[in-house]
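Presented below is the structure to which this report refers.
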Amino acid sequence: MSLTSLPARGSAPRPDTAVGPLPTPAESAAYITSLGKPTAAEVLGRCRAQGRVAIQPRCGVGGHEEMKALLATLEAEVAPDILTLTIDSHTRLLRFEEALRTLNLRPTDLNGYPMVAHGWRRGRELNELIAAPLEIRHGSPDARVLFDVSVASGITSFEGGGISYNLPYSKAVPLAESLGAWQDVDRRCGELAEHGVVIDRELFGTLTAVLVPPSISLAISVLEAVLAARVGVRCISVAYPQSGHLAQDVAALRSIPVLAERYLPAGITVHAVLHEFMGVFPRQRGNAEDLIFYGALVARIGGASKLITKTYQEAYGIPDTAANVAGLRLADRANSPLLDFVTVDEDQVDREREWILAEVADLVEPLLGQADLIGAIVEAFAEGRLDIPFSASRYARSDLIPRRDRSGAIRYLSTGALPFSPAHVRRNTELLHEVDGPDPGLDSLTRGLTDDINHFRHVFREQEPSAAAPRSAPTPVAAPHTPRTEEPI
Amino acid sequence: MPSVPNQLSQSPATRKVILGVAASDSHAVANHLIAFFLRGLGFDVVNLGTCTPVEEFAEACARHPEAEAVIIGSLNGHVHEDLRGLDRAKQSGRITCPVIVGGNLSVGSHKDGSSHDRLYAAGVDHILGDPSELPGLLAELQVDRERAAVTLGLAAS
Amino acid sequence: MSLTSLPARGSAPRPDTAVGPLPTPAESAAYITSLGKPTAAEVLGRCRAQGRVAIQPRCGVGGHEEMKALLATLEAEVAPDILTLTIDSHTRLLRFEEALRTLNLRPTDLNGYPMVAHGWRRGRELNELIAAPLEIRHGSPDARVLFDVSVASGITSFEGGGISYNLPYSKAVPLAESLGAWQDVDRRCGELAEHGVVIDRELFGTLTAVLVPPSISLAISVLEAVLAARVGVRCISVAYPQSGHLAQDVAALRSIPVLAERYLPAGITVHAVLHEFMGVFPRQRGNAEDLIFYGALVARIGGASKLITKTYQEAYGIPDTAANVAGLRLADRANSPLLDFVTVDEDQVDREREWILAEVADLVEPLLGQADLIGAIVEAFAEGRLDIPFSASRYARSDLIPRRDRSGAIRYLSTGALPFSPAHVRRNTELLHEVDGPDPGLDSLTRGLTDDINHFRHVFREQEPSAAAPRSAPTPVAAPHTPRTEEPI
Amino acid sequence: MPSVPNQLSQSPATRKVILGVAASDSHAVANHLIAFFLRGLGFDVVNLGTCTPVEEFAEACARHPEAEAVIIGSLNGHVHEDLRGLDRAKQSGRITCPVIVGGNLSVGSHKDGSSHDRLYAAGVDHILGDPSELPGLLAELQVDRERAAVTLGLAAS
């Protein structure tokens, strides 16, 4: 990994707290087996068989004792099917020194659990405290150290991918590097599988979370899944972020088994996972809770194996334990046996799914055939044949412009250099003409994009859409084109 | 992403600001929007984007000594650790213009004023709640600067 | 009211705490107008116009300060559309002395707010503390004193009726007496209306709450509504208890406007109200919450103006404030704008509704034509032409035997002496033959009835149905006929 | 309701119990079920039904001196006030047989043992959780009674 891409101290020796050499993969596998608790993959399989959407929170605090209390309380109060260690941003970016310093000075200043600073022995302590399997959720373009600590801790589910944990999570890590680092992680999963332990690998299809078109999310997951499967990953969770449009979300979730069938080798278990709405959340508790329940219901109808929940404090900051409990409890209501009668317009869902599958095909099929898939992906992003909106990284162009159509579904206003067939471009354009007319002015376009970002705040009338009530005071508006980011020297 | 030229600020950029997101923070959306907003108002925005350490802001200041302000967003709650070194950069004269910070300035959903106090102590000059307050603050800062220049001129005369 | 029916002390002078003579109706009306807050009737009207189901808890504790805290917390946390004073059982039965003694000795021993003991000045204090209008929920066969205190307190909604607050709530009050006492209450509502204040009168269609067939509930409400309208009541809320069967409940709620149109004079405002499941509640929190949300959704789909909520502590005892808050909050999620897509099988609902309307017609039409409606009702109950299951009172025969059919809907296994047309009897019998076969033994019948009472505990597998797993230890089974109750001397 | 004859206990009723629900309490369902259950076991059940004050239980005892027990249900939380006078009725010999109570014996959803202590102090002899425990307890009480009778006989001889 190049010096420019991640701080040199990223590879600094692991802090003192992470005592002792790491166990070997064989030792970790033996430890996991000896734990006598189900792996995440087993829980997902069992939930799918029961027709229950597994429920999982995000949760991570800096201090170890606080983390224990958090997990123990969540398990005691709601017994989520899978529990989480959300990792702090320093650790994610290999800023281990900063993570350790903040941990020592003021652990409450950390926005997650600094797993590497705490070390694998403490990881085991967490794991042994809790009956549910644990997953590491982070956002690290290079998660090799973190992965090793996690596996040594006996943790059986690990989120991320070489694209999805790079572009939304860092500025200057070349894709080739992150893809390479994640191939290493996936390879280690293969090794562990040979030792009898299947690690569930969740791919972060949520990406930049704000107005991500379903076919972008799924195409990137397909690519990551193919790469993972090639080096031995056996259980893949494809996470999709709720867009907020019922038919589109159900269709996207139901596309996942089809995509797996189409693009992955046989023998790989693939789960669909829904991330409850990942964009700008409503601020009022009741509205946030409406959205939380809606997400959970979408997961059920879409046949997801698992749901990652949000809380009514989402708009404000990392939730306290009580809010996390409330979010889990509410989401679990969508698993109610009394809601079997809730259905969707199946025709509409089928139509959406066909379009999604066709768009994904446009995006991935030109790449999947190529000998050097990683090289092909890197090149595609450089040329805009793959892209994501609102990239945090300079390695995606963010030339594509998403908008919501009249029904609230996310469409492409501009497809940039994405290799979509003319029919697909036309369909998207037509759907959006309904909203802005054939040739929207720059102003109405940017106002509209901002409104789309704040979609649910408008749905709940926490804020009037700007078209309806043009603002008098200057307010930020959305960039129709990516703003210029100066290259650092 | 960076190679797309800004097609909006067609008037010759007269006023320059440096913009970025704090070191450990990859939240990009507000950054995209603020850059576009300021450019729409005619500012020349040097946008360093996400994950920008203090060192990188200081280097940008060196390259753009005419910048009127350094504007830093932070959403992920790590602003305090991420701005470590800001006071040193200011004391050593590597960052001379005012530093404006906004976003979500502490971890957790219950906020009090203590986070702001810590930031002022760490070298931040102004904390804003909403990006729409930026133009007003930048205008005030300009007045201050001009007044200071006049005072300086008077003193020198 | 006869001495045998209610204890003599029922008419004892009101306790000292209820200081001062009562204001006149004109004074109370002026006070209510001066309060500057909406009446319950206004809130119901506004909610109906907005397409929102108004949300209301049950809540009542003995102590006055505790009652203030309870109401204030509920309003601060969830702002229910209407708030409640649930009255204690002593006050309900005119045992004012016992209510006062318990209030003085150990207020926490009271299962509600002893309104009469506290008196109307304290009532005003409660009313002025809270922005939402208040309703008195009780269960008093003779509520005249309580009504006067309530109106003096400025309270604008009052539950009950001469049948529905007698048969489930007392043993030995003749129907003629309770109907007479409630005519007085309704007449006073008429007076108040002349002074410009419309009191919302909610009829307790829930009755004995356990396996009440919809047509029984609605027929009794129709009779009470007709009586109320005749003496001047202007706003009537017809409360129906959730049976737990979607189509049946939606049909029952949607029958209410039709019945109002059919049997009530023009100019009376009628609201449909759903009481969330009033029978044996599941014990586990998640299951109870599933049922709470389901009820709220049924209210929405059925077009109810208002929902009375339950809590996850229902199976255990009077809920604490936090549980009450949680129940309200959860129920309010069914008002979510994101759930517009949730629909029911409209054909099935229409069919159910036709049957319900026809059964109600069988029950009420023979009576409505009669000159002395009260006398006709008394006679009908005496002869079993009107009846309720599991009566607490000797003035209903409880000859009708309800059962759940295979789909969970409540049907008549035996219609006793109810004047149903042969077609209606046949339909009920056929639907139940599917469950028990043509000629169920006494044993399977009583086991089945017990299972039906515990329906939701079975749905949630908190308990296996007895047919599936016959119990070895002796357990109580349900009476296929009413057990003998000895007349007290 | 009361006029329907009990068609089930066709064997001549040999053992009699008095059943009812406490004074302020109108919960009828468990009462219906318990009466049916005991009749199914051959008991002659004098069911006083809901809303039965202590006085009414005492009067029933006078009319049915052979009753083996008074069985009182209470669901609404008011059992303590509703059984006021029970101790006096027992002391004055108006209720001589054992008093069994069951149901929901305090107000609120958080239960502790204190409610049971208060009931024993107020003259209740036995508190049961579930009606299925009734036959066992009634059998024990019968054994006690017979043993007492024998002891009495021995003492008298």
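Quick notes on this one:
A, B, C and D label the chains in the order they appear, each numbered from 1.
By our rule, a contact is a pair of C-beta atoms (placed from the backbone, for glycine too) under 8 Å apart; a residue touches a chain by one contact, two chains touch by 3 or more.
A quick map from chain label to UniProt name: A, B, C, D = Methylaspartate mutase.
Just so it is clear, the structure is predicted and the values come from calculations on it, not from any experiment.
Looking at chain A and chain B, no chain is in contact with each of them. Centre-to-centre spacing of chain B and chain D amounts to 80 Å, using the average Cα coordinate of each chain.
Centroid to centroid, with C-alpha atoms defining each point, chain C and chain D lie 30 Å apart.
Averaged Cα coordinates give chain A a centre that lies 63 Å from the centre of chain D. For chain A, the set of residues that touch two or more other chains is empty.
Those residues of chain B in touch with two or more other chains do not exist in this structure. Contact annotation for chain pairs lists A-B, A-C, C-D, with touch applied as defined. Partner chain A is touched in their complex by these residues of chain B: 1-7, 23-37, 39-41, 45-53, 56, 59-60, 63, 76-78, 80-81, 84, 104, 106-111, 130-132, 135.
Chain A makes touch with chain B in their complex at residues 7, 88-90, 92-93, 95, 98, 101-102, 106, 108-111, 139, 168-172, 208, 210, 313, 316-320, 323, 390-399, 446, 450, 453, 473-479, 481-489.
Considering their complex, residues 246, 285-286, 289-291, 293-294, 297, 329-330, 332-333, 336-339, 341-345, 459-460 of chain A touch chain C.
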